[in-house]
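The block underneath contains the structure these notes are about, expressed in structure tokens.
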Amino acid sequence: MIEKLPLATRSTLLMASTLVFGLVAYLMVLQKNTIESYFVTPVVMLFALHLFFATSWKVTRVAQIVVFVLVLVLGIPLIGFANSLYLQVVVTICIFAAMALGLNVVVGFAGLLDLGYAAFFAVGAYLWAIFGGSQANNFISGNLFPLNGNLVFLFIPIALFVAAVVGALLGLPVLKVKGDYLAIITLGLGEVIRVLANNLNKPINITNGSQGVRIAPNPENSPLAFITVPLSQATNIPFFQMQLTMYYVLILLVVIAVILFTTRLDNSRIGRAWVAMREDEVAAQAMGIPLVRTKLIAFATGASFAGAMGVLYAAVIGFISPNDFNFERSTQILAMVVLGGLGSIPGVIVGAAIVISLNQLVLVEISRVLQLINLPPRFDPTQYQQLIYGLILIAMMILRPKGLVPAVRQPAKLENLEHGELAKGVK
Amino acid sequence: MSAELFFGLLAPTIVDGLSIGLMYAVIALGYTMVYGVLEFINFAHSEIFMVGAVIGVELLTAVLIPTGLHPVFQLIIAIVVAAGAAGILAVAVERFAYRPLRVRNAPKLVPLISAIGMSLLLIDVMRLILNPANPNRPFPSGGSFDFFTQTINLGFVSINYKTMTVFVVVMLMLAGLVYLVNYTNLGRGIRAVAQDQSTSSLMGINVSNIIVITFFIGGALGGVAGVLYALKYGVASPVMGFIPGLKAFTAAVLGGIGSIPGAVVGGIILGLLETFAGTYLPLMTNDQIGTEYKDIVAFGLLIVILIFKPAGLLGKAVAEKV
Amino acid sequence: MMLLNVNKARKVFGGLTAVNDVTFQVPEKSIISVIGPNGAGKTTFFNMITGIYKPTSGEIVFDGQNLIGLRPDEVTEKGIARTFQNIRLFGAMTTLENVLVGRHTRATTSFLDAILHNKNYKQDERAGLLRAKELLEFVGLLEKRDELAANLPYGEQRRLEIARALATNPKLILLDEPTAGMNPQETESTKHLIRRLRDEQGITVVLIEHDMRVVMTISDNVTVLDYGTKIAEGLPHEVRNNPQVIEAYLGRGAAAGEFGKTEGGEAA
């Protein structure tokens, strides 16, 4: 029905609808007493859904920009000031979207099933949690820690690099073996990292074992506090909320960068080599593509994204423990990629948004509704996340293996050449 | 550590390692047989193992103990029922989650992801059934089941009846499997399908049937291993499958995936190695390196093997047809 | 000068000797055919040259460099390209992209270049597109450049495989049954294309071929394999009249006159 409307009408309608939903959502969130209402979350989600409409429907560029500004620049921060839960969810979605985009390079582009992806996430998260909190004082003398929060910006590239190196070192022996084994070996490696995180509290206490590591959420430990502290004083918004908004802006930029990077890789010599390898390894190798190296690049790229997002995750959440990086985490990220569509950049973002909002909003709401009918706690859906991931994986593979938003590769075109270079014979 | 302590622990460590290794071997057989026939890692196999364990324990607790039969008979009944149920479950999983994908010739990644999904699904369904607040099901103890805590002294080492049971049951199963695969028509069919599906079907072998039977046998072996595992460690729970499943797969790769003797050899090596690591690492490092590191030793071994002998210890390198 | 020198190459699979001490030489800018009955070891022989199989023993020297122990991609980098008996295109990619993949070893875009879209990336992509355009024109597929490879008709898929192989800038190209399954017109145009590979591109060609009309008309030299062993070698008409060759193809006592008409099209 929407598709039949003329472009201008459709675009105007979308903009108007975004504005209306935004206002209603904001007002509902502002009314503190309606927070308990069952309608707030659905309305906020519908508001955010306009982003998806703006990208998937044919609308004018202006309408797209208006919707993006309304939702991402105005709506989410304002709603976030009123109720930080929603902002927290959005930040989490962004972190996981960036990470899932990294896994997408490995699984979607290169066709390598990596089930230990959370391990690289752990590498980044522990790097920042240990040095950005006071944990490092346990093994480095001089009471130098916690480090200044602004050093996060140094740790992001460090984690990027360290995770890439760890990925390459682990990948090198693994990627030589048959593709089938890769899944199970990466699963084993994920376990190894978790065991290390759990046990490296002796002989020297590096990871604090199963207790996990905490970063105190004060301004000294927070990046860009020199902006957020005065801002929060000027606006009377609590520091932690202002800081969360700052993280939101930061992570949004990171997601945009990751989208840009992966799109460019996809459309380059390297991306073509990945697709070729996925299609037919023997032919790809015969065309001069070194299999191990090309796989390794994919593996290390994915790892480095996870490492960088790990740093931000530790900074935002302020507490990590080995259980944040278990097999369930790896499958959660895989579910995002599979749900959205293997190899599909917009799909993976949609997948991350669905999985995280399902976990943190929808299931919570459903369980609240179910409490009304006094359902025994045993049937509380929030405890069955793995069941949901499992169902997603099976159902998608059987019913829609290309995902909700199937990948559309932008193939290279001769038309990309400049005008004069297209000799006769080419239209 | 003193030499006395070192040698004193040697025999019990070997016995323990062997019994764990044999259980890995039995689970590994499930992976390896399915892989041999379909070139597919049945990820949900570790959960079939778990379901077998839970069914066995529940059956003992709820039905068999009240009968007052001798515990050995009770255990035999529990094992048989668990094996049957696990086998049927494996066939059902194949039917619903894998076959639709195989029929349409999907890329390899697709059934693998579906299998992972199945594994997650089974864990949580079992949690739902058992009640997530208290999902652990202890293996019966006390009363007549004290029988299994008795030990026999062989002079250099004493072995308890639990471990003995593991040895006896695994040996019987291995003997049965070797007979089945090598000396029966069915076994010949399985071997033929493993070698070449299309030729086998031209020779009149019903390939789908063979696949179903292979899943059933693999699942049943997993179910038996589950009950034995619960007996040895005293508990069954929805999450018990993950680590043994991973280890068993490691064992299968170690021995050479697709190879039945390979799975047994791989399981035994892995079981011994990790038990030794688990016992001696903490002793030698004054508890600075804990028992948990045995998992790292196991996976480290896997990586080393794959670098130097990618086809596994008893596997044959197969050149891809171009 | 010899471009490729294979000396006593042998490949044993288990108990089976697939290629038995074959010595084989390819002069520069020649067209050489390798023929033989089904299962004679021709494709295995190609697979040894291209690094897919490592020879059990023997030497393979290309352009003065030893090829033994190199991976297939390294062999391609040295300047040997190939096509496959049962076409192996990247079906989900367009015709143009298939050719671009062939240019992989000659392209210079690094990981960082690709992310930064810098000058090198732009120049390299441009060079790749120009080269691809040239090659697609050469094989007559320019109009089909944006179609998915999987959707091309059979004959065009074979030609695309040749264009993709050419994109690796080879000195030597190995064609595994380039006319298999083609009708007479397609076969004729492929024959013409193979000649042009040498005459226009200056590339040496070795082909495995079953269609004797093709073999006899375009080859400078023919090598015959049977049960992995080289049983004859020489000019096309010499090989055609070689009694050993006739026997290998038709069995003992067969009439020499029938040879050359019965072969064609079937896969080895």
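Order of writing sets the labels: A, B and C. Residues in every chain begin at 1.
In this section, a residue touches a chain if its C-beta (ideal position, glycine included) is under 8 Å from a C-beta of that chain, and two chains touch if they have at least 3 such contacts.
All figures in this text were calculated on a predicted structure; none of them were measured in a lab.
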### Task
Please find which chain has its CA centre nearest to the centre of all protein CA atoms in view.
A
### Task
Farthest from chain A by Cα centre, which chain is it? Let me know.
C
### Task
Measure off the straight-line distance from the CA centroid of chain A to the CA centroid of chain B, and report it in whole Å.
36
### Query
With chain centres defined as C-alpha means, what is the inter-centre distance between chain B and chain C in Å?
48
### Summary
Expressed in whole Å, how far the mean CA point of chain A lies from that of chain C is 46
### Multi-partner residues of chain B (each touching 2 or more other chains)
322
### Query
In chain A, which residues are in touch with two or more of the other chains?
282
### Shared interface positions of chain C, touching two or more other chains
52, 84
### Summary
In the complex, the residues of chain A that touch chain B are 107, 111, 113, 115, 173-174, 176-181, 183-185, 187-189, 191-192, 195-196, 198-199, 202-203, 282, 327, 331, 334, 338, 342, 377-379, 383-387, 389-398, 401
### Task
Would you pull the chain B residues touching chain A in the complex into a rising list?
35, 39-41, 43, 97, 100-101, 106-114, 116-125, 127-128, 131-133, 242-243, 246, 249-250, 253, 257, 287-288, 290, 292-293, 295-296, 298-299, 302-303, 306-307, 310, 320, 322
#### Entry: chain C to chain A touching residues, read off their complex
50, 52, 71-74, 76-77, 81-82, 84, 88-94, 96-97, 100-105, 107, 109, 111, 113-115, 117, 121, 124-126, 128-130, 132-133, 137, 142, 145-146, 164-165, 167-168
### Message
Taking the touch rule as given, give the residues of chain A at its contact with chain C in the complex, in rising order.
### Response
261, 264-265, 268-273, 275-276, 279-280, 282-291, 297, 301, 409, 411-414, 416-418, 421, 423, 425-426
